[in-house]
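Okay, so chain A shows up in both of these, paired with chain B first and chain C after.
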Partner chain A sequence: MEPKNWVGKPLPRKEENRLLRGRGKFADDIKMREMLYLRFVRSPYAHARLLHLKLSSAEALSGVICTLSGREIEPLTQPFIEIGPEPCAKIRDYPLAIDKVRYQGEPVAAIVAESPQIADDAAELVEVEYDPLEPVLDAEQALSDGSILHESAGTNRVWNGIFEYGDLESAFRDAAYVVTIDRMHFHRFSSTPLENNVVIAQWDSKDDHLYYSCNNSFPSFAIQFLAAHLQLHIDKIRVQTADIGGSFGIKITNYPQMAVCALASKKAGGRPIKWVETRSEHMTSSAHGNERTFRDTRVALDKDGVITAISSRHIDDCGAYPRYEPLGCVIWSQVLPGVYRVKNLRIDFTQAVTNKCPVGPNRGYSRMQHLWFLERVTDICAHQLGIAPDQMRLRNYIRPEEFPYTTPNGCVYDSGNYPRMLALAKDLLDWDSWTKKRHEARSQGRWVGMGVGTTLDSGTNNFGQSQIVNPDAPFSGNSQGANCKLDIYGEVVVAVGSCPQGQGHETTAAQVVADVLNISPELVSVRTGFDTERNVHTGFSGTYASQFAVSGLSAVHGAAQKLRAEMRRLAAFVLKTNEDDVEFGAGPQGPELRAKSTGQAISYWGLANIVNVNSALLPPELHDITLNCRFVWRAPFKVPDKQKKFGNLTLTYAAQLHAAVVEIERDTFVPRILAYVAVDDCGMVINPPIVEGQVYGATAHGIGAALMENCVYDAAGNMLTSTFSDYTPITALNMPRIQYGHIETPSPHSYSGAKGMGEGGAAPLHTISAALQDALSGEGIVIADSFNNGDTLFRAIVGKQIYQAAHIVSLERRS
Partner chain B sequence: MPIKLSGEFEVRKTPDEVYEFLTDPAKFAPLLPDFESITVEDASHFVVRVKLGVSHIKGTAAVKMELAQAERPSRAQYKGQGAIAGGHFSLVAAFDLLAAVGGTKVNWQGEAQIFGRLISLAGGLVEPLAKKNIKKLIDALQGALT
Partner chain C sequence: MFPPAFNYHRAKSLKEAASMLAQAGQEAKLLAGGQSLIPLMKLRFASPKHLVDLNFIPRLSYIKKYKDELHFGALTRHSEIENSATAAAVPILHDCAAGIADVQIRNRGTLGGSLAEADPSGDWAVVLSTLETSLSCVGQKGERRIPLHDFITDAYTTVLAPDEVVREISVKIPPQGSGGAYLAFKRAAPVYPTASVAVQVTLEGDVCQEVAIRMGCVGLTPIRASQAEGVLRGASLGEKAIEIAAEAARSEADPQPDMRGSAEYKRMLVGVLMKRATYAAVRRARGERVDVSHLYA
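Let's look at the complex of A and B:
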């Protein structure tokens, strides 16, 4: 059999057969004997003292097994670990409120019953007395500490740090232009996976082990938090995931609910407990993406419109509890200058708690807010200086010949070619033709605009960046584990420490192994989901941060190579030849290893038989062969310089360049997309349809976020968009036609030249903001918020209430 | 967002008589729209059970009431809290009494605030309902004091 390169081929996904036929196995599909059902009682208040909690009526209802309150679990547990240093470290975070509630939807009690319906009824019988407090709903307001959420911390400030690089003083002194932008705002939204959070927990008293079946998407992180919280040895916690209906990062932070389910199981005598989150629970109390406000931005530019310095103050709203935060306070700095050459930057970054749902990683986590900021800065400066926004970008892009490019804070952009992406996007959009159409439309009084958004999807992060946030944080580097084996009957079986949620890991892992062993991907079985007891995972295992193509597949590749080496050695012994004489191929009975010199061959089954059940044939010098090979891939990172906030924070930098034409209807003010192009560069593509699918998914999320999806709170802290009727997530019906294109700039940092991808850098947010800016530039309006719908545009254009350029932007021209 | 309403009316009774009526839960509480029952806890605390419904969300709410200010014969203020499916609510009702020709002028202020999913599900219906119920209460008060 001639060697084939399966990597790069457009193979159909192995997962498709079961997922598209409704045969996926999701956590809620699991039924267990004596299973009980848990329901949370949640706070209607955003901020209130918890005066009295009466559970007796609920407990008296037939079918109720037990209840749990914050007061009950407090002495049984430790507060969850806080990643940040003080004051963040002083926050006492428990999964059930103890004496205070801090966001609407915060759990105050849990009911365990024989059926979900009984648990629902019992939850209605719980009497809770609250003393409402002034809610804090704005991060800037929170920093005044007028009403403090966490008295133990003494402040609403979670973290503050200044990221300063280069020589700003000289840059501003020598600038030809200085643009000042008073305030911009990146709104709060979520990614609404199809499947909500699900947890099944069983604290088995027979072996004092805790067993989870769930859809957490970063289990190796979750068990570190759970072990410390539950005061249980980490090796006694088994987490299994199967198919997961999307996460986009949101399911990383469902460990508090996992903790409650565990404690409930223990109280219920070890019976398994299932909790299935409702959509409204998910919307109010799962996790949202970070909301960020950008204040006092100053931009220095030279006479040609090249940005030479940016100074700004960023305030991040992490909701009521930091949880995975304040990692977001540093993660954005993976893309500090975005795609631009600017060398002098100063970002004063502060994070605050507010009486809103806690945030969590959300597709494009922390970077998209910063990239949107940079794209708005670039776009606004272009308009101020009268430079076409596409030309502005060409003047400022990092040039292709500059790669690998080291950013001012020490990150190394592996490869890229942004001008080529822009050229391709303009070509696909038919930019020149649309420019003419836009001119005609404007002469008819229509608001038509064209925009470009260039963005990065940094993947495989260096957890050493956590030490920039907290010098004592015990994390750095990144790794992933995989196992590749021949089982007793000679089947090639792969297990990885990832927990895919639709990214096609089974397919791409099979492609990699098939190339190494020179077999068809159909002959490679890839185990679905995550299982701590497979023992392939590392402390970083999970699926997040655009990294599987690099970390996961590098681990698979390494494990497959180890297996290949063992198979070759064993075959050489059996075939009585030397290893160089052994080739991999296929014979009449399937895959085999053959001696080129004699034509003799041994099948995979034959090799597996000798090692596993016929081992007396093995000479002592081959006793180290197991045909069961674990490989841990480690990213080549160093610990960053904590003081200077300097170092390589991410391994690969995929890029997205989107271009759009939008029109704002004059009667309704509703923005509509007339044309849309998405160009992607994720290095060497492993499976084109999978990459294209992820580009479409990320584009849909971004368009939804830009035009439709917004977590709205009223002044009392009520979340007004807690159902899909109000939140209006994007659907296929709202999607415009997307023209997709891609280029490949191979990454030197991965064995295959691939880069991690899938988050999309929130490119549509940047692009649509830019296109709206272009459409409304004649109206004296600056798009200063990432969310724009008919209502906000009406208030800007007619009401003159928001986005008024005179209030937001000023330009200083120097001779 | 709090719902705030205010108004005034005149009755023929003296401020002392009006004050007496307003601060007696047994007289005042039954005037609440869809009143079901009252449990008096002490001189300034009582629990009223009323029927409440917003669109398809219907039920009985136990409203814990407190006579928070009692300044004979010029002012009475109630504060209350209750819960129905999908939400909690708090209310403040204050009455300032002024002697007038032939009776008493009653200046009243009401403030209600709803918390919880109810606002998301039926927020647009809450304010008209609150206004309707407050009008019913004021009409009933006027009737009882005339």
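Let's look at the complex of A and C:
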């Protein structure tokens, strides 16, 4: 392997200059000739029959080109693919409601006009008659099927499966302690990317070619859904993305809006259509994160507090339409035992639809809910048994010498060292002195608590896990494509199938290529953004699920190595020497290949010249050289055992361990962070500031979710947090100082030892819950929800309405 | 989202503004800082057909002291009050101005607009109703002076006639030995408070001669905590009296649950804010310099 001159260095981001100066190119910056503007008319009701829709007044407004309704598109399209088997497969999901609306904000019609202003005016003229139905806002209540969202499915249950491993019966029989926890709840929140969803679509009727310029963050997935829905051959769909202002997974599921824009363009005679989502639309109707309830949890522990078995029932709320779901019903099992050695587990997992915004794979998707559950379980057991929470974790962590560690469901944790991370976090926090301070504070009647939270960021997933939710799903493995070439005049150009949203792909890709060719990263141009016509994508291309460092950069590395081999062969011919004699470097004229024996050299321009414009010089045996090399990297996965729900589901397991000290104000009950540490292990780091930035961002995200951000619906299903003023996303002003630390446990699966990362947003949820638990255990409180603000804690401590340990937790001692 | 089309009128004088309003009828709105009106128009919760812009009327933004009164032009921005040495004579005004939303909103939003909007969560009406405040309003028929306690009648409702414009807000400077403080509980900066309390006390020695307490966001208009005032008036302001008064204030609040918090929590906050504000007010009444800041979640 080539020496790492650039990989691992704190190189400033190549994209900084453009993005920080406001010179990025985002989807809304793009204007096309004769462009029209689309506006959705949305349901004010959470659950209602759509009795009547009158569009004529809107259509009559000058400047309105056309309208679309669910009834109109129904015969022109197929319902979207459902990933799940029946009953999920019977759900008929159209991008515009047909005879029913199922969440507040669901589109019932679209208006296309010459300007966005006209479209807005016309939307006011649409008359809709609704017959309100009983809204279902709680997943457990939904499962009683009292009021059914999708009559075609006949039930609100989307999916159910039992994940059972080991021998629970013996574990519970032999347990020294059994702890039960009645109910815990992971709240609904979302990511709030600065840039909302934007779609430009143009349906070219000459050849039924469909063009998109948009900010979807998993285009190769979207086009599969769109092609089936629009009954268009997938190769006729071109998707381009430019700069994207954040996605966090939320922009994976904007394909329904993409579909409407396409149909609108078709109806408008092929004129391009632009739709720009407003913030309130984003908050009510783009996608939220999954909400989950944990019921009837039983935990077996041995006499030392080592957890030997966990059994529980989990109910996931996916909102009104499954869309990317029920993939979340298996994705959590990538981290089935979390960071713990527990071998016997039984999780009865159910997902239900409710009259709320559909969910999307939000940062930390499905794993964070489960990891929060496991962290709560471990933490609550520690408090029940009187074991210090940090000691409890040490007793239960998978040990460093056990890696690669195979989990009870066959996942292989590539590498890690949780005790070392804990030691570092305690060191950075100054754990011992805080322990003393906490003691003093408590003697003064203050509520001060210390908490630890450990989360896993499993990256590069095996799409074969889709077969665990649906045995007929046609997906498995994972791959990514990249292209590396010497352009006609010798410029090094790299293209990848990812669509970065601030992750610095241009920089890290350039670092990788620079090492392979032994040149400076400045000489490497990276074509960023997705483009179906660039021929570098595979069916898994996009930016999601913590994988670029592994799948993306492995593809780039492979392509660069192919190019290097071709350059070496060509140079050996030109320089009349053998390949071993050729070295890569830079001369006075720039990058070149040199014959060590003669000192003769040829520049990149010289090589490109021979292949592209001076090809008569090339002998037939070198005709296969193109200096334009595509490489597809494939993850070493097998199809999991669908019956046993067993197999390796993800390739790399980055970890984040956070520790915090939190104080709850005695008079306002507001939790305040007094100290905060974030320790990260994502294997070998490719670019330290980029990783650190991801850690800060994810930490902010998680602290916001833990203390400020909650999607609130009232009893009628109105979303009460549809503006930033109401939702209060976290800002810099709300952030504590973060002490950052990291360790590196190399992954054996990537050429560089790097692991995917970026989804560590869960760690603060675990950590803050644990710190609150520590502060309030003396009050008979169990932190049973992931969202905690002053109001929650007031209702728990003073109102005694919630969180009462006596009602939620029980401990059985068997000795 | 875009507001529906409207006619824009730029008034050059208050008189002209009043006649523009009269001409345009019910469908007209004044535009001051636009920080309440524009968001409502953007969301199409308000769709006025005519906007009469006050921003080009000369001499409508000022802070002046005249005898024992402070006079504020209706178009005076929150940030101007925040940074005014003249207004600093009454520290509770700074407490209020400095805590409204964020810099951008304070730079645009006006005192007149805030009172005229009569938002149940707005800060100014709460604070100014603990002081002797009146509004001079100009209509086609001339000018009248309306005491603040008669001005706001309900949520988003004032006694202003359709052609009337607030010209000036006059605030009586409290006498020596009087001090006030305003505290709000906020979930984040650019957000209306969850609950707020303004307290103004006048001391003679340790005994409270006069007191005014108003609570914000826990009723349709600023609520007067009369019982709490009754507890403090004539009492020496020790911990016990303040505790009892806070309890009374809690029971006088009428909060509604919403995304900002449950009714019980808001009621509890009223007690906390009332206590903290009273302590600060008492110290100020004694002539101490006390800086206060809202409580942020």
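Annotations
Criterion: the second predicted complex is superposed on the first by the 810 of 815 C-alpha atoms of A that agree within 3 Å, B and C clash if a C-alpha of one lies under 4 Å from a C-alpha of the other, contacts with A are read in each partner's own complex, and residues count from 1 in each chain.
By our rule, contacts are C-beta pairs under 8 Å (C-beta built on N, C-alpha and C of every residue); 3 or more make two chains touch, one makes a residue touch a chain.
Here the structure is a predicted model, which means the values were calculated and not measured.
For chain A, the partner with contacts to more residues, out of chain B and chain C, is C. Touch criterion met: A:124 reaches chain B and chain C at once.
By the touch criterion defined above, A:718 reaches chain B but does not reach chain C. In the superposed model, A:104 makes contact with chain B only, not with chain C.
Once the two complexes are overlaid on the shared chain, A:670 sits against chain C while remaining clear of chain B. In the superposition on chain A, contact is made by A:132 with chain B only, not with chain C. By the touch criterion defined above, A:44 lies against chain B but remains apart from chain C after alignment on the C-alpha atoms of chain A. In the superposition on chain A, contact of A:791 is made with chain C only, not with chain B. Legend: residue contacts after superposition of the two complexes on their common chain; A:284 is shown touching chain B, with no touch to chain C. When the shared chain is aligned, no partner comes close enough to touch A:736: not chain B, not chain C.
On chain A, the surface touched by chain B in one complex and the surface touched by chain C in the other have residues 124, 280, 720-721, 726 in common.
Of all the residues in chain C, the ones that touch chain A in their complex are 1-2, 4-5, 43-44, 185, 187-192, 258-259, 261-262, 264-265, 268-269, 272, 275, 295-297. If you check the complex, the residues on chain B that touch chain A are 1-2, 64, 81, 83, 85, 87-88, 90, 113-121, 123. If you check the complex, the residues on chain A that touch chain C are 116-117, 120-121, 124, 278, 280, 667-670, 707-708, 712, 720-721, 724-726, 728, 731, 733-734, 789-791, 794-795, 798-799. Considering their complex, residues 44-46, 104, 124, 128-130, 132, 280, 284, 714-723, 726 of chain A touch chain B.
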